[in-house]
Structure formats: C-alpha cells, structure tokens
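These are the structures, in structure tokens.
Here come two complexes built around chain A, the first alongside chain B, the second alongside chain C.
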Partner chain A sequence: MSSLFDISITGVLTATIRMAVPLVLASLGGVFTARVGIINLALEGMMLFGAFSGFIGAVYSGSAIIGAVCGMAGGALAALILAFLSITAKANQTVAGVGINITALGITSYLLSTLFGYGNRPYGVASFSNIAIPVLSDIPVIGPVLFDHSLLVYVTYIAVPAVWYLIYRTPAGLTIRATGENPRAVDTLGGNVMRTRYLCTLASGVLAGLAGAYLTIGQMGQFMENVTAGKGYIAVAALIFGKWKPLGAVAASLLFGFAEGLQLRLQIGESPIPFQFLSMLPYVMTMVALLLFVGRAKAPAAMGKPYNRQD
Partner chain B sequence: MEHERTLGDGEDLVIEMRKISKQFSGVLANDEVDFTLKRGEIHALLGENGAGKSTLMNILYGLYSSDGGEILLNGEKKEFSSPNQAIQNRIGMIHQHFMLIPTLTVVENVALGLKDQRFYRLNLKKVEKRIMELSELYGLAINPWARVGELSVGEQQRVEILKVLYRDAQVLIMDEPTAVLTPNEVTELFIVLRDITKRGNSIIFISHKLWEVMEISDRVTVLRDGRRIETVETSLTTREKLAEMMVGREVILQYDHPPVRVGAPILQLEDVHCADDKGLEVLRSLSFSVCAGEVVGIAGVDGNGQKELAEVVHGLRHVDFGKIFFNREEITNKKPRQIIARGLAHIPEDRHSTAIVMDFSVTENLTLMNFDSPPFTTYGMRHSRVCTEYAQRMSDLYDIRGGGVTEEIRNLSGGNQQKVVIARELDRNPDLLIAAQPSRGLDIGATEFIQKQLIAERTKGKAVLLISTDLDEVLAVSDRVLIIYKGEIMKEIIPSQASFEEIGLAMAGVRD
Partner chain C sequence: MEQKIRIGHIEVVRREQRVASLFGMFSSLIAIFLALVAGGVVMAVVDINPFTAYGHLFAGAFASKTGCANTLIKTTPLLIAGLGLSISFRCNLINIGAEGQMIVGGIAATAVALYLPVSSPLLMFVFIFLAGFLAGGFWGAVPGILKAKFGISEIINTIMLNYIAIHVLSFMLDGPLREPDNYYPQSAKIAQEFWLAKILDGTRLHAGFLIALVLVLFYYLLFYRLPQGFRIRTVGYNPKAARYAGMSVSSNVVLAMFLSGAFAGIAGMSEILGMHHRLYNEFTSGYGFDAISIALLGKLHPLGVVLAALFFGALRVGANAMQHVVQIPIAIVYVIQGLAVLFILTDTFFRTYILTSYKRKGLKRRKRA
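Showing the complex of A and B:
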C-alpha cells in the first residue's frame, strides 16, 4: 500500500509551481491596487472574467496566445469597473469588489450556456503546451520542477522581478507607493492621483486576467463554471500575508501553491485521509496564515479611502 | 532683529492676486481679496480659523480653482489649475498637515514627483547629493536615509522645506508652520526663513498667532470672514492693533486672576506609569497634585503623554503602576462612571470623536450623561419637554448659538459645540475639571469665553487641570505650569516668572 511518504518530491514541487502560478500572477496584480490604496477583492472576479474570455479567445481564434491576450483584456475590463466604482464614483470598495465577483460568476455561467448550449463544452481547445528549456531542464530535481512548463509559467518568472523593479526602482513606483500612503502628498507635488490609481487597477486586471486564462488554457483547454473556485480570494490572502509587497505575495502564493500541490498528489496516492479533507488543505492554510500574521501587518495608510482634492 | 535685506522700490512684485473670490457650497471663503508679495519679503497672512487664509493660498498653489479674480506672477498673468503648474512656476507650499509619507525615507519623500529623473530608473544618489548641498547651505541638518516616520516633528518640517528648496522655489507658502513646533524649533525655523529670503526668495507666512507675526514678518495682510481688512508694514503696527483687525473688536490678551485661597488637594498622582495604544510606556513616574482653587497647566509638545494623562485620571486607561487619589480617596483603575460620580468633569481633546455625538441634537448632547435619571427620566419614561427646557436654560446661560436646541450639533460652529460640552460638564458642579486642548480650532471669541470659564471655576474654589499644547493658553490661564516631556514632569514654573527660552528647553527635555 502506498503511504503518505512515497510521494516524489519532484512531483509535489512541480505541482506546487503549477498551482502557485495563478496565485502569483493575481497577487502581484493585488500589489498594484494595494500600493495605490485600493481594496481589491475583485481579484476573484477579474480572474474568472480572464479565464472565460481567455477560453473564448482560444476557441474562436484557435491560438492559445490570442486566448491569453483576450484573458488579459477580460481581466482589464473587470478592473475598469472596479476603478470606476472606487476611484471616480468613490463607492465602498469592499462592496464593489464583491459585486464584481458575483457578477462575474453569473455572466460567465450564463454566456457559457448561451454560446455552447447547456452542458455542451467545446473540447480540444487550443492551449499552452509544456516547453522544456534546453540544458536547464536537465538539471536534476530543479530542471523538471522549474524548467519544464508552459509559456505562461515562464512569463510569470519574468513578471515577478519586473513588478518588483517597477515598484521599488523607478520614479513611477515611488509615486505608486506614495499614492497608497498619502495621496494628497502626491497631488501637492504635481502627481496625478486619479491616473496612477486607474493605471494600477488596470495593471491588476491584466495580471489577474492572465492568471484566470492560465486556469482554462494554461495546460488543458477547458472551462467550467466557477473555475477559479476562490483562487482570487486566496490571492488576496497571499497579498495580505505577504504584507502587500511583491516578493512577500509571491512567497505566500508559493506556500499556498504547495498546499494545493501536496493535496493533489496525496489524492492520487491513495491516502487514507478522505479526499474532501485533503481538498480543504489550501483553504485551511489560508485561514491559519491570516490568523497568525494579519494582525501584525500594516496596510498602506490610504487603503480604501477615495481621494478628493477639496476635502 | 536685523533688517539688512532691501525691499526694492516697492514695485518689485513677485505675486499679485487681484479680487480673488471663492465659494464653498454657498459660503464665501474669499471675497474679492487682493494680495501682493514683494521680492525678498516675509509677508504674513493673519486671520482667525475660517478667515480664508488657507483657501487663498490653495488657490495660488493650484489646489483650488478660484471663482473670480486673477493672479500675476512677475507681472505676467497666470492660471494655476494644478500644483504641477505652481511648482513649474517656482511656487512651493508647506502645508499645515505635512505632506510626507512616513513609511518612506527622506530621500524618497524629496524625490517623489521630481521631473529630472529618468523614467526607468530612480536615481536616489543624485537626490541625496543635492539634499546634502541644500542642507549645508541653509543649515537644515538631516539624515537623508532616515525614515520620515521616525523623525521628530521639527525634522519633518525640515524635510518639507527641503522638498520646496529642491524644486528651486522663489516663493514659499507656509501654512501655520509653527503650530507643531517647540519654542526652540520655532527660533531655529525663523533663522532658516530669514536665510531663505536673503537669497532673494519670498515667503508667505500664514498664521493666527500675533507674536510670531510681529517677530518674523515684514508686512501683514489681515483677513476676516473672507475679506481683506488691511495690509500694513509690521514695524508700523502693534499686537493689539492686529488683534483688533483680526477679530473686529478690542481683544483682551491678559486675564485677571482674582486672588483665591488655595485649598486641599483634589487630585493627586503618585508615581503613575501607563502604556499607550502600542503598549509602550508613555507615562513614567508621573507625580503631581491639583488643589482646590487653582488652575494647573500641563504644557508640552503634543504626544508626550498628555492624552494618556487625561485618560488615566478619567479611568479610561489602565494604570500599570502608581496611585491616583481623588479627594484623598484612591481611584486607581476605577470605572469612569465611579470616578465621574466622585466629581470629575472632563473636556476631552478630540471634541468630535469623544465629547459629543455629531448626529444628536443640542438637547441630546447636553443630557448625554444623565438622560436616564430624574428629572429627565422617571419610571422608565423620558420626558422630552423637561429635556428641552433644560437645554434652553443651558443655552442661555452658556451663550450657545446657532439653530436652537433641537438642531443637530454638527451644524453648530466649533466654538458653540465646545460650549455645549462645557455646559454639560460644569452643570454637574464638579470638584475637578480636566480641560484638554479646550480651545483647539476655535476662534478668538470662543477661546476667550472658554478660558474665562476655566478661571471662573478656579475662582469658585474648584480644581482645574488644563492640558494644552498652546503655550500662550497655558501661560495665560494657569496659576502653576508643569512641563511634561516623555511622560515625566521636567519643570514647574509660575507663568509670570519664567522666560520663553526656559520653558522651551524644558519642553525639549533639557533638565536644569
């Protein structure tokens, strides 16, 4: 009988990367909104929009790349709604985010049925296949774990340092960080608070949309109702757990990805624990992580506060 | 004072604002205001809270748009629709509430929004170099890599000045720059400001404090109710004349303290220690007493334990060590209600969040502490007529104006809100009154009324503990002043026998 212990490390770690990628992308998106002071619970809805539009793009174009671009556009569209509600209309950002998530769930399920008929799903949709990077993928353990993945995973590898550099090493990044702490200071120094917030919200939509597309066309081409299943919320948790910093969010995403990868492997390997409990693992870890760390972290000071020059 | 800089021929105007008007939801904040700034001068803009000083300067800085009038810069007509344009025209503003980001370093705060940076790379070394040059030139010592949140208020202001100098401003607008400084920091600031004008720059100095306007400015423009009253040469006017222009009537700057026999101690603190909200010890071994028939003032820079001091006496904060006595009875860590029942009244420092309920009427706020007992409530029934009559009586007695007793208190002016608090607290005939920042944000009329009430209580033989960061207030009202620094009493003085320098040193933590 196979036990808990003969699951291969390589297998678990490879699954960790695969499971972590959407969380990494979405929580990096969350970094953008958090750093300009916007509460972004809509990551879930942006991902779902991205997953759906990415899938549709791939179905009709037959190209996974075009699908990914459509996914980013879908996420950006959801982001635009959040931006308008929270920046221009100055609505409550938590309510706006939850509203977008519910809307995304309803619209994608509805469109799926109307486009393909109830219960009918297109099969064999264009998706990204694994590209083993020469030389690097031959390294034992590290090679298969890190360098034998689809294009979107490699895009994620580049996105992490790129976002970090943008936020910490460029003038635009300084403006972004300052906007989340004290938008009035940015305004008095001639910066444009509204524009910064809009652009960063759109950036979060693009990243979350890509994360969503990864779920539908990143490996196999398929879409199911509520395919994100709370991954957007886990990304929000990773963001908070990572103290609203890019690398922190990535580390937290990897941790949650590990929990997910581990439970998947355990399910395959005939574990004595019922699979329902194993499926709970990432969510339980999310709660435990938040319970242990959130109290101590300090959010950007202007979080959730709309900016009004003449207040 | 040296006046070696020349003011030119009187025609060398950097800024000319003509007939500036601005309305906020129907209220005229600026009514055809004229204002001129000469090259190399320090021009004070004097007026009460709400007189329209900040509005006028926010228009000049492009934060607000004016409803009428025009602005000339070096004789040329200009339109500033955003701070960006003001900065490009070399106008810099230092706001009353600092526009700094506490989590970032000094260099990052200065670098924010700079135009001479390449978009793909933030070059902080370059910014640091220029900060050091400016810091040397103007004597503004600063550690460029320190986090702004860890700096003292005086240092934070230096960062603000450096931000403006870095952008090569020829005009500096300073909105109430001394409000948060110790007397010594004010002296240092004035030296820097004179240095800045010697190099041909001009400064607009917004203030409502008479003595500092007299000391630092070359000319004064007085605003009242959104209108310009007069512009005068500082050397040709007096404090009294300025006060009269500012308020519109003669003002008393000194109070009489009728002699009264000081009685038994009402409040005694013995070696009291407590922690602030972050768990850091904020009162350390605090001991003093307040007797019947005296006003004891607690002076000090904001954040040295004043807020917590009021809270421990009121039973709102846990005392970790030491004892507090009220009328010789120990009240350490008793519940607020028990302490109030023994005869404590408290005017808290944050009126809006702790003293009144903004959505309640004047009547409801006046009866907030005893609405559930006779005569307001009997047998579980509240008698609204009794409440209203009581509120009416209080309004007449304490001169509460604005809309009547059924009006929501948020529609009253700050001064009238504070009168409601005072009426409620004093009507219980307390033995001890704690007044924390009682006149913060109030106009001179209301300030006068409230300060006179404090002295009247003392003359009636009550004990008064006045906690205020406004040194003028503490010195004018108190019989004895204790200077607090980091939760300890540094020094005790008698107002008429101490110099400003002496007090300033104690406020900065220097022991004799």
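Showing the complex of A and C:
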C-alpha cells in the first residue's frame, strides 16, 4: 500500500487542475443553456467540434491562439444547430443533443481521415505552452498547482467569475435567469425570449468549443478520434451536480477533475488496484455524487420546454 | 378498428392510428434521404462521385448472397438493441446505455458458456440466454431504480454505466475471464456445441437473427396487444394521469429500463454466441450507440425499427465495400446516421410550416372569392 502514499500532493492537485479545466469551461457553457431552459446534451459534440476545428486552425495557421479562436467558432457552429432545433424547430432537445454528438463524431473522424490519411496525422502542432506567473508561481504548493499552466487555464480562471458576474449581477443576467424560469413573463415585459436563448446557446458553444480546443492544443497538439471520450457528458453531470449554478458547476468539475487526476497519478505509481478500476473512478464518482447530492435540486422551471408566443 | 383495454377500474378504447404512423415512417424516409444527400455532398467535397460511392455501398450490402447475409448479421444486434431502446423511449426514458448493457450481457453469457458445468446444449442455451438477459437487464435497471426512487437523470447514469462496462470488460479480459497463456486479452473459445446454429449455408448468418424476429413479435404484442405495454406508454406520456389511473409509476419505469437493458444484453449474447465465439475488447463495435438512432428513426414502431436496423446494417456492410473501392473513410456512416437523426427532428417544424403556409394561401383565396 505504500505506493499509494508516495504520490505527491502537488502532482495530484496539478493534474486535477489540468483535468478540470475542460470540464469547468464546458459546464460553464452548460450553465448558459440551462439558465435559459435548454437541455444541452450537445456539450459533448460541441467540445468535439471545438477540439477538431481548434486543431485544424493550429495546423494551418501555426498559431495556438488562432487555433483556440477556431475552436470557439467550431463549438458555436455546433451550438447553432442545437439552437435552431430546440428554439426554432421546437424539437426534443435531448434527442437533438444525441444527434449532434453522433454527427460530430462522424464529421470529425471523417475529415481527419480525408485530410491526413492514416499514416501522417500531424502531431505536436502549435499548442499552448506553460507560462509560470512570476512571484505567484513561487509560492510553495499553491504556486506550481495553480500558477504554472498554459494560457487557456488562466483564461478559465477569469471566465469563472466573469460568468458568475454576468448571470447574477447584470440586467442581462436577470433576463437570462428569468427566461429559464418564466419565459412568458420575459416576453410580456418586452424581453426577447428567442434572442436570449439563441445568444446563450451560442455562448455555451463558444465555451464548450474552447474546452475542446484545450484537449487538442492545450497541451499535446494532437487530435485523436473521439478525443473528448465522454468529457462533455461528465460536464453535463457536473452541471446537474452543481445545481445549474456557475460556482456549483465549477466545484463539481474540480471534484471530477480530482478523480481523473488521482487515477492518472495512481496509474503511474504502481498501485495494487487494477488500473481498470482506477479508470472507472470518475464515472463511478459521477453516479455516486448524483445519488448523494442531487435529490433536492430544482432545475429551472422552463427546462426543456420550447417557447411558443402563440400559446 | 377499436380495441377495449381494462386497466384497474378504467376502460380505455384504443383506435388504430394507421395514417399517423404511416406519416411518421414517411418522414423517417425523407430524413434518411436528406441525410444521404448531405453525405453525398460531403463526399463530393473531397472529389468522390457520390453516385459511384452509393452504388458500391448498395452492391456491397445486397448484390450477393454473402452481402445479404452480412447485412442481416449486422442487422441482428442493431435490431435487438434498437427494440430494447424503443421500450424505454416509449416510457419517455432516454436510455443511452445500450452499449454498456450489451457488453455486460456478453460478459455474463461468455462466463456461463465457458464455466457452467452443463453438457446439454439445449439446457446450456437456456442458461446462456438467461445470463445475457439478466445481466443486461440489471445494467438497465440500476439507472431505472435511481430514476424512479431518487429522480436522477437516467441519461447521465446510462452514459456513465457505458464507460464502467467498458472498463469491467477490460478487467475481465485481463484477469478472471482471460484465456491462460494467451498473448491477447481475450477469453477462451466457447465449445462449438453451444454456438448459435448457422441458418444459411455458405454464410455466417446465425440463429441470433431468428431470436431478433421473435423479439420483434414480443415487442409488437407488448405495446399493441397487452395492458402492460399500455401502462409503460401511459407512464411515459403522462405520469400524473398514470398514477391517477392506479398505475405505479416507479415500477413501470424500472420495468421499462430492465426490459430495455435485457434486450441489449441478448444482443450482446447473440454477438458472442453467434459471431465471435469468444469475448474480446470492443466486441460490440458501437452497435449500442447506433441503436439509439435506429429506435428514433424507426419511430418506436416494430416495423419501423426493423427497417431502420436493416438500413443501418446495410450501411455498415456497404460502407466496408465502399471504403475498399473508393477509399472513403468509414466514419461517413456516422455522418449519415447523425444527420438522419437531426433531420427527423425538424419534421414537425416543417410539417407545421407547410400546413400554416398552406392554410394562409387558402385564406387568401377565400377572401378573394
């Protein structure tokens, strides 16, 4: 059992941040859709689109920043499909999400093969390198854990309070929250339900797209088929677990990130537990977390209901 | 045609809705057609003639006896799992977990086939069948219970259980079920007398296909002739009304999820006993995920699910042929599949759109007159 304790706390926590960042970004995106009353299972597909377009952007421009912008655009494109289907076409949002995810998997794998064939897939393309923040990164434990990461991680640090402020402290945030609770009231008071829903869905696509780009050009500079491997769904779980609130979603994402980071570290250190059980950890934890904490949570009242002005 | 069903103290008159379901199928066909067109555009973008490509696809899937048999081989698990998902979808439960349920069904069936000391093939078949049925059912019932008792989203839990099942399979093949001294992580080969019989000479088509057809009949009887199916549907459509009519919402939710998982478990069993004859990683090759689209495109109607499964089976076989001849990545199948699901979601929108514009024109005409 001694190997279990050999793992450094710093190492696990650093891995936690690295694994949590895509979940944080995607679940923040999920907050936007949830708050306007849209079920967003498409986070997975948006991330995958973002991961691919971010990668392609980096390959052809040679710049990680342009790659990240392309990633956000890719996520937004997928979000536009969800927005059209759930807001305009008033279709079943869950099914729309599933459809988008299948399509995303197909299109990204298809394009990867047609663009690069099987033998010469690019790897080590332009990606974000770690920037140690002076002074702050010298603090013991906290420094290396929090302040020695790539630019995208710092963007995430800023995005969390920004989203919280937008949703809870601005008039636009009030409209957003009201749209999810009572769209009829928003409409009566002269607000634009359709526009709010479209914009928030696009915002979720941008954030999820960035989360996806983090997976491909945030560290390794490589795209593999189905690189998201269910992270978008875990972000949905984090969102529900976090009771559809920005800070709650972030806390839940950190918890899942911790499970991921821990299992990665445990696999490196020779643990007596078969590695498959360690790999299961994040998924099992998601289920247990939902079971223990979600019981009394209440979703926004208009969740999953398309709005029809003529009703 | 009218049919009277008694549930508790309430009598319900059920009328056939032929027209409505026909229209539903029709919109599926349009969705598939549009998806194929869009897939053709995607091909054309990379300079592949879509007509040639689809020609090879069709020929690969149907032009020869082997092709037809292969199509039916692929149709079998898709059909069984698709019917299973349709059961839960009819109860308004979005079960994404057919893949995981197939996997545990396959694991349990293999374990029984390899290690249960039974020599009679018939008796053994009963045990293997039950193992797949119960294991898959259990994997489906867990999220069902969590949904019924605690209101936790079955979507998330079924997805999580997919990943857990994949790791359980990998663990089984590393340890308990691994064939000793085998370089690859796979189980020992199952004794030939326990395999599902071949049913067409010169091909690999096996009795799993017949099981699938029996399950179609079961599904039809359940939802179109038996009160239990009506209960599941009512709970899905309106839980409050169901409770008012004296039905137990939670037990119907759990039952629907159990049956749904059990079907997928049978699909896993049939793949192992009919096709692979041993357990290895990724033996389900994504059938459980395809089954979602199949249930949706088939509009949860038995005949619709059969046709959708056949289409997807043909797509898989044909795509292989297409890949060999015109070098088109097999992932195109997922593009077509995903787009078909997205297109079918727009059918209500376009139907109302067309109807309202038609009505408007009618009004104008009347005003003029």
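Quick notes
Going forward, the second predicted complex is superposed on the first by the 308 of 311 C-alpha atoms of A that agree within 3 Å, B and C clash if a C-alpha of one lies under 4 Å from a C-alpha of the other, contacts with A are read in each partner's own complex, and residues count from 1 in each chain.
The rule is simple: contacts are C-beta pairs under 8 Å (C-beta built on N, C-alpha and C of every residue); 3 or more make two chains touch, one makes a residue touch a chain.
Treat the numbers as computed from the prediction; the structure is a model and nothing was measured.
After overlaying the two complexes on the shared chain, residue contacts for A:N92 are found with chain C alone; chain B is out of touch. Counting the residues of chain A that each partner touches, chain B and chain C differ, and the larger count belongs to C. By the touch criterion defined above, A:Y157 lies against neither chain B nor chain C after alignment on the C-alpha atoms of chain A. Contacts of A:T103 after superposition on the shared chain: chain C is touched, whereas chain B is not. Shared-chain residue A:R309: touches chain B; no touch with chain C. Legend: residue contacts after superposition of the two complexes on their common chain; A:G190 is shown touching chain B, with no touch to chain C. Of the two partner chains placed around the shared chain by superposition, neither chain B nor chain C is touched by A:F116. Once the two complexes are overlaid on the shared chain, A:Y60 sits clear of chain B and of chain C alike. Contacts of A:R177 after superposition: chain B is touched, whereas chain C is not reached. Once the two complexes are overlaid on the shared chain, A:M280 sits against chain C while remaining clear of chain B. Listing the residues of chain A that touch chain B in their complex gives 169-175, 177-178, 181-182, 184-191, 301, 309-310. Those residues of chain C whose C-beta lies close enough to touch chain A in the complex are 42, 46, 94, 96, 146, 150-153, 155-157, 159-164, 167-168, 170-171, 174-175, 289, 292-293, 296, 329, 331-339, 341-342, 345-346, 348-349.
Residues 24, 61, 63-64, 82-84, 87-88, 93, 95, 99-104, 108-109, 111-114, 117-122, 163 of chain B are the ones that touch chain A when the two sit in their complex. Looking at the complex, you find that chain A touches chain C at residues 41, 81, 85, 88-92, 94-96, 98-107, 109-110, 113-114, 225, 230, 233, 236-237, 240, 274, 276-277, 279-280, 283-284, 286-287, 290-291, 294-295.
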